[in-house]
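Heads up, the next two complexes both have chain A, just with different partners, chain B and then chain C.
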Partner chain A sequence: MSTIYPESLMPELAPPESRPPRLPLGIALILPAQLTLLLVVLAPTLIILWLCVTDWQPTSGTAWHAAEYIGFYNFQDLFYDRRFTDALLRTILVVLVCVGLEFLIALGLALLFLDDWPWRRLAIGVLILPMMVIPVDAANAFFMLFNDHGPVNHVITIVLGRPFTYAWLADPDWALVPIVLAEVWQWTPLMFLLVLAGLTNLPRNQVRAAVSLGASPARILFRIMLPLAAPVLILALLIRGIETFKIFDSIYILTRGGPGAATESLSIFMYNGAFVYFRIGYIAAAALLVLVAVILFCIPLDRLRRRHGG
Partner chain B sequence: MSQRKSDVTNRKRRRFLQAGAAATAAFAVAPGAFNREARAAGALENVHNDAAAAAKKLAGGRPVTLKILEPSGSLGNVKPVAERFTAATGINVEFIEVPLGEINQKVLLEAVSKSGAFDIALPATFGIPDLVEAGILVNLDQYAQKYEPAGFGDDSLYATGDFYKGSRYGYQTDGDTYLAFYRKDWLADKEENKRFSDKHGRPLAVPETWEEFDALLAHFHRPDQGKFGGALFRTQYFIAWEFWSRYHAKGFYPFDGDLNPQINNEAGIKALEELVAASKHLYPGARTNGLFENFEAYGQGDKFANVGWGGTQKYLNGPKSKVAGKLAFGPLPGGKVNNKLLKTPYFNWGWNYVVTTTSKEPEIAYLFTLYATSPVLSTIAVRDAGGYFDPFREAHYKDPEIIKVYTPEFLKAHHASLKDSIPDLYLKGQGEYFDELRVNLTAADVGKKTPKQALDDTAAAWQRITRRLGKRSQVVQWQFLKSIYPDDVRTALV
Partner chain C sequence: MAVQGILPSWSTALKRFAVLAAMALSFLPIFWLLSTSIKPHEEWAAFPPVWVTTQPTLQNYRIVFAPESAREFAATQSGSLDYKVAGSAWKAFGDSALISTAATFLSVLFGTLAAYSISRFGTGGSTYPLQLLSLRMFPPIAVVVPMVALFSLLKLTDTYLGLIIAYTAFTLPFSIWMVRSFIDEVPTELEGAAMVHGLTQFQAFLRVTLPLVRGGILATALFVFILNWSEFLFALTLTSGHVTTVTVQVAKYVSASSGTLYGVQAAMGAISTLPVIAFGYLIQRHLVRGLTFGTVKQA
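Then we have the complex of A and B:
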């Protein structure tokens, strides 16, 4: 029921105060984070997109925003730059070999460590030590190992029974081997931890059922354990793949990309371009191409992970 | 060309450069402000005192500190000079050491960061064009006009790298000409002489050409007996310098007049083939050892020849070397062009005092560089047996202590090489041009590319670099660079 007052009897209401419009609470809460994200991700990305179409060199004295627009010349130049394309292919090769080896070794080790046995924890602690070493130090150790007069040649000398002095790091066919070994030695422990975590958390019932039905260990591994652990394993491969794609320290210390450009990875190529010759525009274009390549590489892996319920 | 005539032409060249710089500077300074000629007479012996007095006056009792960015290993050369400067002026001098292969990069970074971290730097001379183009080096013309006495550079044997586009940007403080080292006792061995003579029809001797040099390497290379032909560099950072000399000795410039690469011509391919063939007669560490390892390896006494600088001789003449007193020296070998011997000694490194544009005290910094490269103080610097700086002034070759450090035989060869040295590639982008060359030469040396492929790839990369850096201005500088090659070399090169 409502009461109707004649207008004359209505109390005189003051006009409503003009308040600033309020943001909905949800937007207000996420806005700072979004703005920060915008600042740290979008702004540099836009700057890189601009630099890609310029020939900006900070040493030229021109500000980045005033750099000369050169269209898609950098991309065209990259297409004809054998060092870039070779570095890209070489990096992909290193990723495949390193991550493949790390995965296989890590899987083998993880299976050994699935069951509880005396000193297991201590053994895990020892196994993961390499990944705690500073990468430059690890690379330095491998530099000394593969030196002409280093322990590797010494051991081979003992085995062969005659002097063996091979310049591993000066041979374009072999120089990548110490680099791959250094990388595998240092980062297999991380892969091992990820794989072990994945396998340890598998539901035990299915494995027990398979054992009771007389399935062979290999069958249990390939038909039950690996498919079940696939989301974690794919994630581990993704993480190590992306990390290895950025390989720098070991190459810089062991060969600096040589002999010639035989071990030049994308990171080394970009370092030289950006910080030795200051070709920022050119390297921005290279970085953009690489980013697109990495995304294209990761998309199918991520789909695979989702398909396995990751 | 006779030595005397060559001396004269070199001096003329230096005077031309200095005159050019002075003329440029004359527009920038107030007329009548300085009376350079009046100070000329007798000023040369006292230039260090004058520079120190002027620096002291400029400091005016303020606490001034100069910071010098120097390549690690050169402190022995710079510190005694700096200590004397501090004693004379009250101006403090501090040092920042960086690895010798990275110093030019650090100076370039300063052009970007503009931190003002150092006032003076000692970059490798070949990097000066890039540093100038980056705007990090102070044009010293104005200061030189004000303070440098006439004739200051007259007894300097190599000053080409101090100038870029007609202006002075630095003072050479290291006579880094590339020299060849040979085992004198091996050359004098009668049995070896007979063996060599039977095969080649001539006695063993210091070679005049690269072909003769290579024949000697092959002759003495007997790894089964623990003897090696040579200790020449095959590491990436160093390999291009030997090729540069071998190529020039064939009678060609690396570019034609319009800066189109001609390094991949027949002469270039032949030069690279010869370099690759010579690699078979080197010791096992040639492809991995750097500068100091090279000194040590050759100092062991089981290799016939080497190439290097004054610093190499300082080590080889020192207590750790087994070859002290057993060496013969010469400028790098040359080649036969139109049946005439063409020698192309090569100045390929050398440290150069420069002043940075980020310095808060550029004038005092300039005065320090003048002080440090003056006849008296540069002699003190070169004397250091452990440092890099090598003789570059006539006076240095007469200093008893310097003679003792290097030996008279070495200094004779060094003098002959330095005064007629061809310049390095003083172009903008020198680092990039040489990086491409190094990478491809190494690829050829290790058999990954044929010499032709390697040089074709280098030429293609050079074309791209030139196009990007601006062909027109590069051509102008290249034409200038060609004009300051030593006269006898210039007339022989195509």
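Then we have the complex of A and C:
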């Protein structure tokens, strides 16, 4: 404590009995939040541990707590389920492509905004519009943009000079393109703001020194600015990566994982399994695997954080 | 700015053009939503598509909000459109407003108390805030599956209370982290001085710290409200018709297999997203802080 004044004066001025003990107040204040989280996070986790060793299907008429115990059959099943492993790999692919594109576009844009010009604030205001839109509505807009009679095909028609009415969302090979573009459109603005914050909050003397010593712009960018901004940039990539891994809304609106299972992400696979095929026990096993994977992913992150002193 | 001049100056015009192109692309999907929402029925799926209609109409908005307009429209169409256009979006807006407001209030109230406790007493230890953050890493669908079972046991399925509890819990990490970043900026000396004058710690929190972070708490509330209003997965899986949110209503109109109601779905899309866009610009300064859990402040 750097505050000598209150710490040293308080005990003499305030009688001890009028001061409530410190720890109970801290716990009392955190209790409402903690209890809510326990109800909505811990209780479901315990239920998952039970459901994943049952074959509970809500349509069968038995209550979930009376479902039949089937051991580790669900996990064995998951291991051989191509649809599950495909969804997992596809999700990782979508994360890499989306976050990569978002980062490159955001970095390019941020470099354009480093100096000041008259309508800079207005331009930022317009550029961040996509991240304000409800994700479901962003997907709704892309659903219409990529329709066979939509404006995207119109532009391609004009460029090609012949009618182009391709049904993007109905083609298993190409349906991921509108999904990825919707995601990139919506979240590049956040990446842009983060990269811009990272680049403009740099200590300026080093950049000034490099400029006056005649270093080339590319050298300044790669040798000074990006390394200095690395903590913010890594945080941006991490946050977007984690959020994109959960991708659900845009795929649900655009394709529901179809055609077939060609655009199923992990979240959509689990949604379809639980709410279309009603295989709750099976999906609970998948959910448990995902929870464990996330925890395993968090542990090295926490180590990293501690090494860098918080 | 210090970094001015690291790019060659001949490219200024090119740079401005790139910015304008990016602005146009940012606006295009919104433009399409708005433009389609006022198109008459014949132009919804015309090819080549109509970019700006010459016969603007409010019919699509009437179909969204007035059941009798929806029935009239459905009668002119072949097939069974009734189930999609029937019903008024007023119910969805009312339900969303009620659930989002209640959940926002609880989340920010609990979040502020917890944030103060963490900031001033270090409750839960040094890793507790990070544990809260890791809750945001779990895909919500993994929690939804057992929650369906839990809610059926507690009779919370398809109720307002059920969604309010779910939304409160899932925005709590945001509330706690964001409010904590504001409280951390208030020097503890201020509370110390108040306590010297005879206030208890809790009174000092209420009368000294809270008024100072009022703006931050309001920004947090608006941010959490946006998250709640935009939420889709819980609304989709924990309700079955009695309670409807705007996001579920949008999905109802889009329905991938037979999406031919472009005008109507555009009208619903435009009107449902406008409130949160307005709120978003109100807290523009704090958006980055919110979406990065208070760790990055906007330039």
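Following the convention adopted for this analysis, the second predicted complex is superposed on the first by the 238 of 310 C-alpha atoms of A that agree within 3 Å, B and C clash if a C-alpha of one lies under 4 Å from a C-alpha of the other, contacts with A are read in each partner's own complex, and residues count from 1 in each chain.
Please note the rule applied: a residue touches a chain if its C-beta (ideal position, glycine included) is under 8 Å from a C-beta of that chain, and two chains touch if they have at least 3 such contacts.
Not measured: the values here are computed from a predicted model.
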Does the superposition put A:G61 against chain B (first), chain C (second), both, or neither? first
For A:S267 in the superposed arrangement: first (chain B), second (chain C), both or neither? second
In the superposed arrangement, which partner chain does A:F278 touch: chain B (first), chain C (second), both, or neither? first
Looking only at contacts as defined up top, I'd like to know whether chain B or chain C touches more of chain A. C
Touching A:A43, do we find chain B (first), chain C (second), both, or neither? second
Report for A:I134: first if it touches chain B alone, second if chain C alone, otherwise both or neither. second
In the superposed arrangement, which partner chain does A:A209 touch: chain B (first), chain C (second), both, or neither? neither
According to the stated criteria, A:V292 is in contact with first (chain B), second (chain C), both, or neither; which is it? neither
Of the partners chain B and chain C, which touch A:D171 in the superposed model: first, second, both, neither? first
Per the contact definition in the header, classify A:L96: touching chain B only (first), chain C only (second), both, or neither. neither
Check chain A for residues that touch chain B in one structure and chain C in the other, and list them. 58, 147-148, 165, 169, 256, 258, 275
Per the contact definition, I'd like the list of chain C residues that touch chain A in the complex. 1-8, 15-16, 18-19, 22-23, 25-30, 32-33, 36, 45-49, 51, 106, 109-111, 113-114, 116-118, 120-124, 126-127, 130, 132, 134-150, 152-153, 165-166, 168-170, 172, 176, 188-189, 191-193, 195-196, 198, 200-202, 226, 229-230, 232-233, 236-237, 246-247, 250-251, 254, 256, 259, 262, 265-266, 269-270, 272-273, 276-277, 280-281, 284, 287-288, 291-292, 295-299
What part of chain A is in contact with chain B in the complex they form? 55, 58-61, 77, 80-83, 147-148, 165, 167, 169-172, 256, 258-262, 272, 275-278
Chain A partner contacts - residues on chain B that touch it in the complex: 105, 108-109, 111-112, 130, 133-136, 234-236, 284-285, 287-288, 429, 431-432, 435, 439-440, 442-443, 445-449, 457, 460, 464, 468
